Amino acid sequence: MRMFRNDYSEGAAPEILEALVSTNAEQHVGYTEGDPYCERARELIRAACGRDDVDVEFCIGGTSANIVGVTGMLRDWEGVICTRDGHINVHETGAIAACGRTVLPTRDADGFLSVEEAERVFTFQTGTGRHMTRPAAIYISNTTELGGVWSRARFDAICDWAESRGLKVFLDGARLGSALTSPAADGLTLEHIAARASAFYIGGTKNGMLFGEAMVIADPALKEAFGYLVKERGGLMAKGRLLGVQFARAFVPEADGEVLYWKLARGANECAFKLRAGLVELGFEPAGDAPSNQQFFLFEPKVAAAFAETAGCEIFEYLPDGRALTRFVCSWATKPADVDELLAFAATL
Amino acid sequence: MRMFRNDYSEGAAPEILEALVSTNAEQHVGYTEGDPYCERARELIRAACGRDDVDVEFCIGGTSANIVGVTGMLRDWEGVICTRDGHINVHETGAIAACGRTVLPTRDADGFLSVEEAERVFTFQTGTGRHMTRPAAIYISNTTELGGVWSRARFDAICDWAESRGLKVFLDGARLGSALTSPAADGLTLEHIAARASAFYIGGTKNGMLFGEAMVIADPALKEAFGYLVKERGGLMAKGRLLGVQFARAFVPEADGEVLYWKLARGANECAFKLRAGLVELGFEPAGDAPSNQQFFLFEPKVAAAFAETAGCEIFEYLPDGRALTRFVCSWATKPADVDELLAFAATL
Amino acid sequence: MRMFRNDYSEGAAPEILEALVSTNAEQHVGYTEGDPYCERARELIRAACGRDDVDVEFCIGGTSANIVGVTGMLRDWEGVICTRDGHINVHETGAIAACGRTVLPTRDADGFLSVEEAERVFTFQTGTGRHMTRPAAIYISNTTELGGVWSRARFDAICDWAESRGLKVFLDGARLGSALTSPAADGLTLEHIAARASAFYIGGTKNGMLFGEAMVIADPALKEAFGYLVKERGGLMAKGRLLGVQFARAFVPEADGEVLYWKLARGANECAFKLRAGLVELGFEPAGDAPSNQQFFLFEPKVAAAFAETAGCEIFEYLPDGRALTRFVCSWATKPADVDELLAFAATL
Amino acid sequence: MRMFRNDYSEGAAPEILEALVSTNAEQHVGYTEGDPYCERARELIRAACGRDDVDVEFCIGGTSANIVGVTGMLRDWEGVICTRDGHINVHETGAIAACGRTVLPTRDADGFLSVEEAERVFTFQTGTGRHMTRPAAIYISNTTELGGVWSRARFDAICDWAESRGLKVFLDGARLGSALTSPAADGLTLEHIAARASAFYIGGTKNGMLFGEAMVIADPALKEAFGYLVKERGGLMAKGRLLGVQFARAFVPEADGEVLYWKLARGANECAFKLRAGLVELGFEPAGDAPSNQQFFLFEPKVAAAFAETAGCEIFEYLPDGRALTRFVCSWATKPADVDELLAFAATL
């Protein structure tokens, strides 16, 4: 059975792989600086963002992109506000602190940074001048750690607040494809993010690329920093064109006028929604309303264990009542038939 | 004409690419932790090193590997001794300082760290106790920045000295393939390096992989550090198996009993030697005796410019006498016919 | 009226000042390395600790001592567990992150690090190997941020736990004098701390010195680190003997066999207890049972404002019910008559 | 006999000490923020600088001030150009690297940063864009490590160059008193430094204070950074008024219209000049023309050893010809009679 463990379990989408294979023998200059594929990918991404004045840097992975993005916005004594379950707060081995900056977590429990909590942290941290880390940026991710999707209204509200406080906005878009093709995006588009965020990245690793993330830098004050940090922090690829080739393929309009990047994401979402509906129909209880390619369910331990063994699901935690919070992830590689197979198995539990 | 600009101008060697393509659809766990390809690559590399007690971590690139390797050997107040042209001293945007550690350059001008200079720096730095950065490791690269190859005797001499001073030994092997298949290696083998260095890496990016370096950690005291640092510094790949697939392919014995990794390197060297001999025969003056895949020549500016334009050579610097120090690099992708074409062009200058 | 704002509002205790004045013209070598006063102070502190095998380093202030102490215990990817109101978590402008290390706060709300919460954080942080910051030390302060005093039993419990988890123990003793002369110490002594903590410091700034903290390093594995870090982090004083002179004076047995350091602390405590009793008698409501030189009360805003204006008290926060959490601090310089004056004023409110 | 070892061998000048003693019992708010002495000292220093728009921060010592000053001028990927013997390059245990920034040493051998060498380093470092540390500031010290004094013309030349390259200028003034009261200053004044440097500090520790340095921040873009960094890097003193009291006393015009700070420095210089003249008259050979409170001589080893033993001189190094480079330092505490005694001793060698 296909695993529903993660969206980085497979290699690349066939179209992306084909692009890499067909250009493999070409010779190009290195470091994403000047080869035609990186240039083309930059153009296409700028077009998709509806802005020709943004910089685009290519990063080799998510932690690397978060290091560049977050620390590039902060001076030594400044911090970034994020939710307590933010990836940079929990799952990156102190990568932000390793670069000398402070993460300032809120108490938000649903994965969304709320204006209320952000304001509380901001007020607390700025109450005694230089005796405390000064907030200078917010970090949000779309989708959130829990598979949540930012609506346009919600995104605008946190951006408005950040703007009012003079904070920069960084959006971790490791799963941006799934987020923006979700019905829950409710008007939030790539153009709109590019119009409001100081910087963000378009995740490739989890949406059909072999690897790679495209960092979009909208705030002119950040451009030099991001360029240097990609290199200094070890995230600049010698064979930079590999990133260009993949993103150029993912963002070039296809025959039907749409680009592969969104198609792949939509496919993952559709499988996830089908999976959710099927499990609900079988009487299982979903956790939250995550409208993206990650689906969370609450199972009896035995059932969770069965899903984990057979479908590679991850059990996130055991609730006080004993039930197991379990995650299913669909990717661009998941097919409706894979979901059917899973549901057939689920029906036996 | 094929470019002789660098050994990371192309994608991957066909065999490596084929391995990636043929395993692309498989699903595996991430982060190089537990997938069969990474496990297999580790076994093969351990075998090639003649030690089953070394750890192997996979890094996404050279700067990332140097960050992990060098800073993983140093405590906050310690420094690494290297030559003044060492990659970490010059070409990595202060990546070591960015991690809070100090590079202590010697005055060695030929790319090889000498016992004499290392001792001079060591003595100077330890003369006033805690008032100066304490040397704790040496950094050498094989091949050197200038294409030099460490012989076994030279390598043993610097290791003996380091051992006598209690310093760890890190070897940057971005071009280790070219170095160990060079006649100038003179008995230096992978097994011998694994027996004496505290840690080193086997470069993939510049020897036929799409990307990736395999870090071998021999000193047990470093194993935990390296494992964590790969993640914390942003160098751990989500689709870790990509690294395993490549290194497993590169180090599995082929039908003739030899492994691809050395074959690719030998091919690059042979082209480089042919190129050197041909240019010398044409009356051009080589700079140094670099017996590896990089060849340096001193040209009149016009000639250098012609090579730069037509063959993508890099001009490193202009000497006081006006001549241009120019570099040709051959890779696994260079064919003898490519060298012939270059030499034919050279004959017209 | 004397201010009850802080215990660093005045200069030095007269005896300490006199020691500085009387030795002022002497010439000594610098950096706390080899002058007779630092040597003497080290001996006296070792004697007071009941161990002749501990190292003693002199730091110029509390933040500096915390930087040395905490980061000296952690490797790059390790973190320190402390309460959420821990000084290093809140009031030091990200000083620990600035050194590349992570603070891992618990949810303890009373200033004491509990075994339960520490275990919860430890378990969480070690659940996914290198993907999360690894706890390697705990940070506690005595007295706590809220004026609490560690009893011997409570201290032993957290040390036992830390030992069982392989964590080092750092104790911030900025107000250690007040803590160990409090009845609430309940058997906790300097000797006992020296026997169990990996390292801790004896605060001078807040107990009668002009400035300075004496760091006691018991764990042999930390000695070299602490020595270097004091210098590297900017905390090594050129005129190091100033620290030796002060601590030698504070820890030399006086005619009555007791040392000044404890006498000064006891004086501060006694004034604080008198102040507390007096305010309680006047009907005011104390917050918590802080048995040390800091006393917290809950006042109506108007009353708090009057105390703040007249006695320099700090208002920490306004509770949801509108009352103001207000702090009075007594120091070695506070006299019983000062407390009487304050109480007389309080009686008019 | 009085030691000529260093200018931080004694405590404070009597006038400074008296100011500390007479204000000792006063209560003031902490952290140099709002007490009348710090405010007064700031006013007096601004007046001495001829600018009322500079910020003044008080630091606890030289390394701490250099950390704040240098790293406050640099972003993560930027470096500071200084001479190879610059204090930050050699004698501060990698303190700048510990803060993540890179020191870029020139080959200048005489302690003065030359335009030629600075330009060479700048050109080299900016040749390949983000692949190398970008120079963003220069660090000079006055007096230099070797006791040299910057003339106005020399200072203007390096400032002009730095300006032309867009670099900030940091001046380490640990011995600024000696430098500006030297005849070799040749028109260089505090006002002029304040007019041209981005930031600099007025050294207290080596010119009669018990401790402390006054950082003058002229560039508005640096003010916030320096304020926060003093705290974050552990250099903010709780009893901040101690610094204010000392600098206010040192910079308040005395009855004769002059301020103590310059008087103390002039006294040290005069003793040093007398010492130099006397030793030269006795036939000893000076090294360099250091026109400040440090004097260097070349002695036969036996003579050097005699001076080291009797007068506490430091032997810096042994030249290839066997002679010992030996340093005498006079301080504000040195009296002409002390020099006479030394010369009488010298006459016996």
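In order of appearance the chains are A, B, C and D, and numbering begins at 1 in each one.
Rule of thumb we're sticking to: a contact is a pair of C-beta atoms (placed from the backbone, for glycine too) under 8 Å apart; a residue touches a chain by one contact, two chains touch by 3 or more.
The structure presented is a predicted model; accordingly, all values stated were derived computationally and were not measured.
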Once the contact rule is applied, which chains count as partners of both chain B and chain D? A, C
Between chain D and chain A, is it the same set of residue numbers doing the touching on each side, over half shared, or a different set? same
Farthest chain from chain D by C-alpha centroid distance is chain A
Comparing A-C against C-D, which pair counts more contacting C-beta pairs? C-D
Gap in Å, rounded to a whole number, between the CA centres of chain D and chain C: 33
Separation of chain A from chain D, taking each centre as the mean of its C-alpha atoms, in whole Å: 50
So how far apart, in whole Å, are chain A and chain C when each is placed at the average of its C-alpha atoms? 43
Where chain C touches two or more other chains, by residue: 76-77, 92-94, 98-100, 130-131, 228, 231-232, 236
Touching residues on chain D, where the partner in the complex is chain A: 31, 33, 71, 75-77, 99-100, 129-131, 134, 225, 227-232, 236
In the complex, the residues of chain B that touch chain D are 76-77, 79, 90-94, 96-103, 128, 130-133
Could you pull out which chain A residues touch chain B in their complex? 2-3, 5-6, 8-12, 14, 17, 20-21, 23-30, 60-64, 66-67, 92-95, 98-99, 205-206, 210-211, 228, 231-239, 242, 312, 333
